């Protein structure tokens, strides 16, 4: 179990931006951040509607004077508070098109950041944020929660240790059916902004879940893209953006990866599957069965790693578990692992005596966020040119596991 | 999602007894109780060793002056605190043989209680507590966390609504492999007390997990036992108590239920399976796949209910979900559902204007706890008489779903 | 793959008794027996109705003069045919109550026998047949087809080789829903005789599938029963015999086995599950996934053996496979393996120069058949005495794997 | 169960070409063809080595004078036999590069044909055969055995009936690990010809299993291709042909299908997965679980159709089942269904009074075979032009289900 550390002698103070509009994601961030008792929510701007935003404070257990009317107001007021009161970090859980301005403001005000994906709608916005974050030196995490699952981390470490040999091929599928929530003649759902180009940006499903799939691929295998070929589709009649897509990625060392994303598959809830083929073995991980990792080697029985202390591949994996094996964990714990990793980094920043050597963190960083935006950008370009191969020209930061 | 209610205008205050000795269960209670922001840990007596107990306060984020040296000290000090500071409830997460004294003390001091199972080691202790609790009128929940899973509650409601017709047969299996942790010549593990009769009581596996299996059966189906026939075994060479057992239960309306428990099955982690046969349909639920409920009817396709808002059978089930379907939840959320139900009851007690009509709560009550102890008692008696059928002579309180 | 041997320079000649009344089991025997080209159907008495029996010959591809009007007629006529024409063996696929007379006749006429289960309805009939068979020395196989699955044989051999250590506990469940086929007010189905005591004998589900479950337990683990405790029930309103049962078996070396059988579980087709716990490991096999064998050891990843040449435990297992791994086999092949084993024995008898040393065959013998009848007999006795433990007093022949 | 019809008053006579070199596929054809007693093997040319070919006759139970030294010899001799003795059909189970000559010869000699896939190595050969077959009018089936599974046929019929609405997307994956059988420094395996361009033709995995995947897509959904985009790879160091490929297909009505094939995925045996998305529902079928068909509709419980009479969608599906539900069938039965369909057609040809109206048969025809070869041809062309979209310019014959 993650030990409950209070190296600062106190809990970290969280401010939440967004989350107040019936969505679930805001509360999930609060639960995940607070799970290990290392942080507590102290402030929020919960809605783009100032009245509703302030009104939500009580619901979130935040004192009325720190329930702000807007993100700007929050950042401006919080940064004027004494150091022993003001928020340490902001979590940005708003629609995509607002991430850029809010994150820029938060960086400018000195807050650490945990930001929902996609980082931004436009590539130049993402690059701008990355430069700014680099200058400011603050912690900037992107909420690719799936990378916090213990067995995803075990997959990553087994591959890094060479257990599968050289990676040859990867298949990621992320399949949902949410498009069919929308019925002709009905009012749009609370997530309707996700299909509105003005808010969601130029891509639909690709930006909503494609970036998760891409990050999972990069996080687990470390494959560096050389070129990408994408084919998108829009199947649901009420959609204006893609709700289906298929991407092929060739890596610099000639591995072949495919990413398939759908929000138009009836009845599939949030179905992620990852398959990795190497020269010495293959592995499979499924979100619907996320506590198991299946490893195969030619001529041997299949090996199924069920999450528990005794088969954990390393201390990193062990530290990502809170409950004993057989006691189901879930997405909350995975996201809490990301927060925990980010908290470690925040504490290190605060502690001037700590080792400040740059290291590749376990949590997805702004560099991962930029990659995701670039991935979307390149896929749109490829699709526009009839699935032409487009070279990957962004320096990849994450060096693989 | 469970809405975050603060009907008292504040969080409930939790005191934890136990949990400080490397075990996981204390922290799990803290995380579950605090998950929805309705409660916070304010005090604790974390260990039977006074120094260690006080020392654990920092680790749990509790102020030093409320990290007590013993349960007695905690209850005595907390009950002297002003009403706006003292703990509202205590969670008892200590070895079995201490439950009775601590719970009796807590009832005497006016605290609400959440107590680990089994309620007590001896039947007369359980009955004494039940009488006391009845007189005091406080909330007394027993931590049968599995009854908090949304799909377990869905099973319960479908059965209550007659979807399966009359219940004919039930099969519960609860299979673990923990006995094999213990190796000859090695120091005993932190859970070693569970196999020590002086602490664990007269039964081993039966008391440790058998009571969970029995409660699950009762909670989901409401079957009232008429008689019980039990066969126990001790397979692991270092065990002194049963680590395997098999119980047959005949209900007052002639249904037949079997409960199989094992802690001696290599490599099985925490494997619960529940199968219910009725005159109109059958269902299956597995802990390893706890977000799915499988319902079968002769001549029809199998129906698999995957936890999500749209297939939830009722508002009760819907309220037990925090994340959208496909976003895995786990045991934490299940236990948090129990806490939430108990919190509702605590708040109702505090609010004199609220409806105080007794109702059968969703959370397992002390009556369920007594039943569990009686179940163990009767199984031991049956086994001692070569699996003789023993009549169930305890009035059952839980009337089924 | 089983090699196609014709050591006699010809195919063995099969006579089928039963199978003509819309049932599937007769045809299955013909397909299984002929699968490897080692036998062909040459004669039959397909129905208890002489006209229908003769009429079915064409349908089975049997020449009209060898489509007999009754089993007696068949045996009498075939035994008068020249040695190079007459049937080598008879397969008995008739209702239970006729097995005894037919098998006795077939033994008397010198035919080898493959007989459906249960061997007979009455224990003394079974013992009589066993004595007669022993005197005659012919091959007498009982159609426990599940023991022919490659992964069942692999389980058996792994246990025999000590891979699981000493066997402690076994759980067999055989769950069906067929009882619900029968609706009040409808004509009885073709299998209705199975619920008629005059034909099916004194037990229903116990005799129909309980004997399969018992044989599976004995075949795979070799456990020798010391005593048995049984509890039966009749749940379906139109049944007169048991359709549900639960048996506990204690072995001579204090292992505990449970057998649960049901034909009253809505929507379950033919669901067998076998779980074996040993001191060094545990295993699970499920009929619905019969090409996989799951082996667990404490502290190690789960191992899944998927049927294929490379993970076969021995030549015996390898010989039981016809198709490469991943190319699904089924019950036909399992039954064909039994026939193949019986054919080997028949050929050995015919070849006077062959080694005639008695050996324990892979196929279920008449001794297994007798055990099954005794098992039913003892369960009925135990149930009649309120689940009293009844000592097993039959010498067990099968010595375990 | 398929009834055993002998409308000609006799069994059909089969000649097998190939199958004698340790491979399994020849025997599988013999078992499948003979399974229902409608055909029997009477002749064969089992190997390209004349001596070995003749020698294999005994092993296959064929009389010595009809064990021929070559395919030519077989066809020439058999066609000179009297009509009541000569083979009715030949099954061609030889390496790919020989299919063309043998099939041309067989058509010329008037035999019906069942031919292994791919039909030919070169497109012009396939087209030549198709023209010839059309002129001759004989039955010509191609052995895409997976289309014989009952639940594949059920999927096809549900789609044809509109149960899923308009088809939007299809995902087929066919994953094997066989490439890793081959180790550097070891003698090539019996299937080594499959990786030799001189025998296997210009494509490896694509021709070996890609054509199966493509046929499954076409058979179940009836989607008509408009254009194709393919990316191939060769991962195993000892391979000279592709062992991995990824194909995107856009249909004439803008559905998007993907086909992924691999023989380089460690430990995967013969793993086919089919997913179909429509406007009203989606379905999933997996080879490893071929007796189940999973259908999902937004907002409803998942429906799992387990093969059995009572959930069969139509008589066609029911006729494809031999055993009751829960009694596992396998690939043999699936292939036997193809043979059965082809036999029906052969019998219709023989019976001049029968309805000779052309109809789309259930079994894969030479038109399907031609499509497969064209599919390979187009994929190779697309891959050669860096995954360019290549228009499908072959008239598709199979009009969907």
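Letters are used for the chains, namely A, B, C and D, taken in the order the chains are written, and counting of residues starts over at 1 for each.
To be clear about the criterion, a residue touches a chain if its C-beta (ideal position, glycine included) is under 8 Å from a C-beta of that chain, and two chains touch if they have at least 3 such contacts.
Keep in mind that what you see is a predicted model, and the values were worked out from it rather than measured.
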Requested in this report: Using mean Cα positions as chain centres, tell me which chain lies farthest from chain C.
Outcome: A
Query raised in the report: Between C-D, A-D or A-C, which shows the same interface as A-B, counting it as a repeat when over half of the contact pairs match?
Result: C-D
Query raised in the report: With chain centres defined as C-alpha means, what is the inter-centre distance between chain B and chain C in Å?
Result: 44
Requested in this report: Mind checking the centre-to-centre distance between chain B and chain D? Centres are C-alpha means, answer in whole Å.
Outcome: 56
Report summary line: Averaging C-alpha coordinates per chain, one finds the centres of chain C and chain D separated by a number of Å equal to 34
Report summary line: Multi-partner residues in chain D (2 or more other chains touched) are 268, 298-300, 302, 306
**Report entry** Contact set on chain D toward chain A in their complex
**Finding:** 164, 168-169, 171, 173, 175, 177, 180-181, 229, 231, 233, 235, 244, 246, 248, 254, 256, 258, 260, 262, 264-268, 275, 277-282, 296-300, 302, 386-387, 389
Query raised in the report: Residues of chain A touching chain B in their complex?
Result: 1, 3-4, 6, 11, 24, 27-28, 30-31, 34-37, 41, 58-61, 176, 268-271, 287-290, 306, 308, 322-333
Report summary line: Per the touch rule, the chain D residues reaching chain B in their complex are 295, 298-306, 310-311
